[in-house]
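As written, the chains take the letters A, B, C and D, and residue 1 is the first residue of each chain.
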Amino acid sequence: MEDSYRKKNRPTVLPLLGVVEEAPEIKSFFVNHQEIASATAPGQFLMLWVIGVDEIPMSVSGVGKDGTLRLTVEKVGDATSKLHELEEGDLVGVRGPYGNGFDISGNKFLIVCGGCGTAPLSFATERLVEQGKKATVVLAAETSEKLLFRSQLEKMDVDLFMSTEDGSTGVEGLATDVLEKEINDWDFDSCLVCGPERMMAATAELVEEKGISIQLSLNRYMKCGIGICGQCSMDPSGLRVCRDGPVFNYEEIKDSEFGDYKRNSEGKKVEI
Amino acid sequence: MEDSYRKKNRPTVLPLLGVVEEAPEIKSFFVNHQEIASATAPGQFLMLWVIGVDEIPMSVSGVGKDGTLRLTVEKVGDATSKLHELEEGDLVGVRGPYGNGFDISGNKFLIVCGGCGTAPLSFATERLVEQGKKATVVLAAETSEKLLFRSQLEKMDVDLFMSTEDGSTGVEGLATDVLEKEINDWDFDSCLVCGPERMMAATAELVEEKGISIQLSLNRYMKCGIGICGQCSMDPSGLRVCRDGPVFNYEEIKDSEFGDYKRNSEGKKVEI
Amino acid sequence: MQKENLHVHLGDLHLRNPTLLAAGIMGLTGASLKRVWDSGAGGVITKSVSKEAREGYSGPRVVETPCGLINSMGLPNPGIESMLEEIKIAKDSGGLVIGSIFGNEVKEFAELAGKIDKVGADAIELNLSCPHAENLSTIGQNPKLTKKVIEACKDSEIPIWVKLPGNTHIPNLIEVAKSAEKAGADAIVLTNTLPAMSIDVTSERPILGNITGGLSGPAIKPIGLRLVYEVYEKVDIPIIGAGGVESGKDMIEYILAGASAVEIGTGIMKRDLDVFKKVCEEASTFLDERKVKDLVGSAHKN
Amino acid sequence: MQKENLHVHLGDLHLRNPTLLAAGIMGLTGASLKRVWDSGAGGVITKSVSKEAREGYSGPRVVETPCGLINSMGLPNPGIESMLEEIKIAKDSGGLVIGSIFGNEVKEFAELAGKIDKVGADAIELNLSCPHAENLSTIGQNPKLTKKVIEACKDSEIPIWVKLPGNTHIPNLIEVAKSAEKAGADAIVLTNTLPAMSIDVTSERPILGNITGGLSGPAIKPIGLRLVYEVYEKVDIPIIGAGGVESGKDMIEYILAGASAVEIGTGIMKRDLDVFKKVCEEASTFLDERKVKDLVGSAHKN
């Protein structure tokens, strides 16, 4: 149907093509939108309308040439819980893509994934590998079963290291423990990090010593996704995570609220 | 200056580049608007904003490659009188081009011009001649001095016949008198006519006998120029002169109000 | 061509599809109304007509704005007697014709309504939202006056539709709409154009001859939709949506908000007379087996 | 960078240029306000702040429409005490900062105004056009209540601006504006967003979490311009225009209509933070030697 006003900032409502359980409390949701899929680079996100509940930011964890978009979602509250109830054929809305995405112009990447942060990074890794670039991936989670996209990463041509807090797989401990113990050859030109903010902060501090450029994908409360409501702005720069980010170079955010506090839905500061 | 909404249906206000007296009560006005000039075909018209008075339809009587537009205007009332007072540098507004224009895909043209109807037709003739086509032009007016664009037409590679009601130049009488007396070789495939409606009606009747396709450019009271107000619609077809015309094939309007009545600003019928 | 799933009713009036030619657009002559009917509209509304002929304002009378159009036609019309002739022509062609009227006094409305009724039109639209009727310029914001006008017209045998202004003062709008319903109106039309203007920065002048005019087109669709949505919750008579309908989707948005039909005006600027057929085809295809009439107001359920 | 011909005054308040960051846009934190100031705005207005913190509505909170944007943020803010800290940060950076406030009672407005005054802001904007203040949801359509609120805030040393709704019921708007002037308001801001909605035809639902929201952007510029034009004829205090300013030309249109300055909000969606610098540069170039302040209201002369 002719639609004279297909607008980037208006949700397109689509049926779910499928839902896949990836790990406890984590599912992937598939929809088809050719225009958005072709426009999305790794690290960019969509605003996902969970109809009747809320609209929330969600990284794209993969795209298909046929226009398939994959979103990988951890159940943490209202909207994500409702989403986890949905099945193939149920409707959701998407608008985007938004944000800057990762700069993958380097050649040798160190990729550090924590929990659901693996979503955008596995997409980035896929792209890198397609382009014949080298990647060392650190996959961290609490327990073995929460190592997101493990089997997919194992199939890719990358060096994969894993850590679990309970030691059920790989190094016992955190991502930083892997880095300290396992990575001897620091011959990377770029490091991409996404995961819980404390983990990102610790990783960035450690990697910085090695003199590698670091990109981090931040998570802040978002309302508009298009840079106008001010909800996601960082102190003291005023950079907006939705429009100037979500990916920042470590230098941009080193001396900022990063690792320290963020803001809730009211704009009040809450500790990280 | 950036103008995110340059709209076709919004006047662009421009200084007059010059004003030239063409005949008693008839002046040409020049403005420069590259976009409109390149888009205008002979027979199309602009809506001309005579600032402070009215906005009126006006045929384009010529365009330059540099973006110059010529409008040739007879002083007949409020807006045209005000216009005749304007000088180089004064502002007017233009929007357009509107309407269909003449179909000049034929090869041998008979062109019949009455009074100010010469404006669009001299432009059409210029184009035809540029394209190496043949044209026989009949130029009619009341008196010698009112023969519009006479010197320009004389310079063009066309067969030119003239008539004046007082016989001061050419055949004494009307355009139809010229046709009956002078045109023996009716080897035309197309006839273009513009002028007073009675003259157009008489010409069309006469030329039709010769089996030539005839295009007439009509004049009706216009308010919007874009086909929505209904002011210029013809009986009984409902064709709008501003959007479906102003040029019609004779068959389209033969059995219509054409030559009979038109409508005033209120929509009331007035005799031709 | 006129798909089954597009049939709708406005009270007792059956429409072959929910698209109506909006008042003031092309509806100056019978021939023009007939042409729009033939091009596929479900019904055609005349230009608003008054007792005496009016020239309207001087130009510019229209100016395009971002996704919209402002007009200051000034309600030109040939007066009721001439318009009755035009309505006859449109009716003779088989069209469903609605006469739009406006008056300077309550009894003028009654007189005009009586004449439209007698000439065989299918409904009367009271234009209570024209800023041009000297004595009654804000009828549509005045519940009492609205009631009076409607009551004065209720002698007519045919349905009375009431066209209200796009009043953002919502408590007032609801009051007027309820008052119209109580007075016996058969449908409410929302919205007329919204007061607006445009200024040329070179000449430093308002562009329209009448300085201000009414904004229509896609720009106002979100406003029209919301008015329909709000009024639907408060009245039980059918609502006709207007403002920015250009596509089947636009129409369905209005239907979901609570409209039983829509008027299309400025859409002709973009899609010409095909707009009626295209809107219908697009909507019909989108709806598949579902019927338009079953969707009226559905957005309120969700 | 800040061209001489762009300097304007709003009463005693000097602005380096006539572009202000509109309330509710980016103004949640001091850092964000500072960033907008640094990017070239003539002044920055905070998000409208209330006594207690508010979460606002659930999403979707924005939806794009033809040449416009509807938002239903629901006035989220961290409450006055936290906002005072943010204002200090913005002031410390040298910016001209205006605190926008709204309350549920007249005395809440007074309390908030007093605090904004003390923290060193340059002006106070009373948001009398928010559909969210439970008890006072239509203050801006009520001349008496408007007067009361302003009078309650007049103890402040800094100017009081009054932001009114885009009320198409013009006699009412003029009454409110005059009443605001009489009560001692230092400037009138027109217009806030216009009530609107959008419906998704696939899910058959209103898109916004709060169902309806406010329309902003180029779509409403012709409406905002007309409101400024009408009010300019009736009051003598400065007017600040808002609605759809994206380019230098847009700003000059508002200036010619009678505005002494403009607020820019949705323009950031299209041109990002450069919008302030670009609007200024475009206007300055267009004006050449002429001064913005000399053009205020010029369209009324022609």
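Operating definition for what follows: a residue touches a chain if its C-beta (ideal position, glycine included) is under 8 Å from a C-beta of that chain, and two chains touch if they have at least 3 such contacts.
Nothing here was measured: the structure is a model prediction, and the numbers come from that model.
Under the contact definition stated at the top, the chains bordering both chain B and chain D are C.
Graph distance from chain C to chain D, where chains that touch are one step apart, equals 1. Ranking all chains by how far their C-alpha centres lie from the centre of chain C, first place goes to A. Here the spacing of chain B and chain C, counted between their Cα centres, is 36 Å.
Taking each chain's centre as the average of its CA atoms, chain A and chain B sit 65 Å apart. Between chain A and chain C the centroid-to-centroid distance comes to 50 Å (mean Cα coordinates, whole Å). Residue numbers of chain D whose C-beta contacts span two or more other chains: 65-66, 198, 203, 205, 218, 249, 286, 302.
Within chain A, contacts with two or more other chains are made by residues 4-5, 52. Chain contact summary for the complex, chain D toward chain C: residues 65-68, 70, 138, 141, 165-172, 194-199, 201, 203-206, 211-212, 215, 217-223, 225-226, 229-230, 244, 249, 252-253, 256-257, 286, 295, 298-299, 301-302. By the touch rule above, chain C contacts chain B in their complex via residues 24-36, 47, 53-56, 58-66, 69, 71, 73, 76-79, 82, 89, 198, 200, 202-203, 205, 207, 209, 265-266, 268-269, 272. Chain B makes touch with chain C in their complex at residues 4-5, 7-11, 13-14, 47, 49, 51-56, 91, 93, 223-231, 233-240, 243, 263-269.
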